[in-house]
Amino acid sequence: QFFYCDMEESEDVPKDFIKLKSEKLSVDEVSELVVSPYCGAVSLFIGTTRNNFEGKKVIHLEYEAYTSMAETEIKKICRDVRQKWPSVKHIAVHHRLGVVPITEASVIIAVSSPHRAESLEAVMYCINTLKASVPIWKKEIYEDEYSWKENKECFWANSEK
Amino acid sequence: QFFYCDMEESEDVPKDFIKLKSEKLSVDEVSELVVSPYCGAVSLFIGTTRNNFEGKKVIHLEYEAYTSMAETEIKKICRDVRQKWPSVKHIAVHHRLGVVPITEASVIIAVSSPHRAESLEAVMYCINTLKASVPIWKKEIYEDEYSWKENKECFWANSEK
Amino acid sequence: MCQPLASYWLGHTHHVKLAGLRCETLSVPREITSLQLWEEIVKVHPRLALIRDQVVFAVRQEYVLLGDQLLVLQPGDEVAIIPPISGG
Amino acid sequence: MCQPLASYWLGHTHHVKLAGLRCETLSVPREITSLQLWEEIVKVHPRLALIRDQVVFAVRQEYVLLGDQLLVLQPGDEVAIIPPISGG
């Protein structure tokens, strides 16, 4: 009797972990957040800073966010994921703000699920939708100039490309 | 002149990192292996040990491999990935052998690419193909018995299911 | 009837930076279409007209395209001008 | 003509474990189909017949189905009996 009661309590309720922060992101930390004894799969996507854009040498990137709305939009993505893939257990989305040096992570997304297909598809959905709808902006700093970027996924800017 | 020469040398030649080992796997280590200044995306898949199978409580898992052939088959997967997604930069496949406790990783696959679609698709291909073709076996240890598993992807065992 | 309206300006794009804005308050009718609201803002900051085709609003943190959609605003509502995003 | 052949036995399945094998050497004709090779092995270890439908060979670390495919074996070649895999 007690045994079943105990099992119930440790069912590992699905959780969303959302964070925008200016410190370095940790892959270990984000993947640990979503690991679950009920899951056999964790899928991750890490967006890293590239050293070049159209032949120009990028020194580093700078990210800005409309923070409160960005968090709201990421919560919406999590809610959509749970509707599309009900077996998904935990979701973690960490996005870095401010300066991000070359090769460091600007975003880490991790999703756990009992079987792998769901977490793989959910991670792909998360990063695609984040790029299309979360109000965060990236400035590329070159050696002697800078440029604000636009995601091709941005839903209201597409028509002009 | 020297500048271009220097660029050439630091082009970050594509590499495959394959390891079968009985120590605990590290997500940070595997993701660090594939990070590249030429890439904006790292995708990872982590296979973790579940605490249950068909209602039975799993104590831990044990993995065995036909090691030399497993490495050869993983190399083949890497070669296929590079044919299918030529922009893929680095590929890392770490598989744990021996006892793997609940929630720990049995396999970690990481792929880097300049843009995200390639690494996401390549990781999915890697884990699907690994399950279908790499000679590694998993034994689930329950409280009072054990069972060798079969992947549904195993290509010569499918016809009988 | 006019209501005070807190407009949150995202000043990170070149053009919005030129307008020298981050955040300010504007009084507008309680019921107004999103395009009319845009035109009210452009009256105050004519240089924003340059980015008309590149932006949407976020009204109370929900995206609203510039067009005929009627907004019913409350005092203190936050409206942001959102240029093309580039997170990830 | 007969050649010594190193057979690598993967002893992890229940049935193969029952046969009590890990690795042994067997002499067989240099040219032989994979199914004939299986039958040679079953002659020595009759209990393996039970898992006929569940296994393939790996010959020099390449998968070979049990069937009409002709194997050309060299002395020392490694042949493994591969039950359904479950890595990942």
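Note that the chains are named A, B, C and D in the order they appear, and that numbering of residues resets to 1 at the start of each chain.
The rule is short, and it goes like this: a residue touches a chain if its C-beta (ideal position, glycine included) is under 8 Å from a C-beta of that chain, and two chains touch if they have at least 3 such contacts.
Remember, it's a predicted structure, so these values are computed and weren't measured experimentally.
Enquirer: Upon omission of chain B, how do the remaining chains partition into touching groups?
Expert: A, C | D
Enquirer: What chain lies farthest away from chain A once each centre is taken as the mean of the Cα atoms?
Expert: Relative to chain A, the chain with the farthest C-alpha centre is D.
Enquirer: Give, as an integer number of Å, the spacing between the C-alpha centres of chain D and chain B.
Expert: Centres of chain B and chain D (C-alpha means) sit 27 Å apart.
Enquirer: Taking each chain's centre as its mean C-alpha position, how far apart are chain A and chain D in Å?
Expert: 48
Enquirer: Where the CA atoms of chain C average out and where those of chain D average out, how many Å apart are those spots?
Expert: Computed from C-alpha means, the inter-chain centre distance equals 74 Å.
Enquirer: If you average the CA atoms of chain A and of chain B, how many Å lie between those two points?
Expert: 21
Enquirer: Chain A: which residues touch two or more other chains?
Expert: Residues 47, 127 of chain A touch two or more partner chains.
Enquirer: For chain C, what residues touch not just one other chain but two or more?
Expert: none
Enquirer: Could you run through all the chain pairs that touch each other?
Expert: A-B, A-C, B-D
Enquirer: Residues of chain B touching chain A in their complex?
Expert: Residue positions touching the partner: 26-28, 31, 35-52, 102-103, 112, 114, 116, 120, 123-124, 127.
Enquirer: Can you tell me which positions in chain B touch chain D when the two form their complex?
Expert: So the residues of chain B touching chain D come out as 47, 63-66, 68-70, 72, 95, 106-107, 127, 130-139, 148-151, 154, 156-157, 160.
Enquirer: Tell me, which parts of chain C touch chain A in their complex?
Expert: 8, 10, 12-14, 53-56, 58, 61, 63, 65, 80, 82-88
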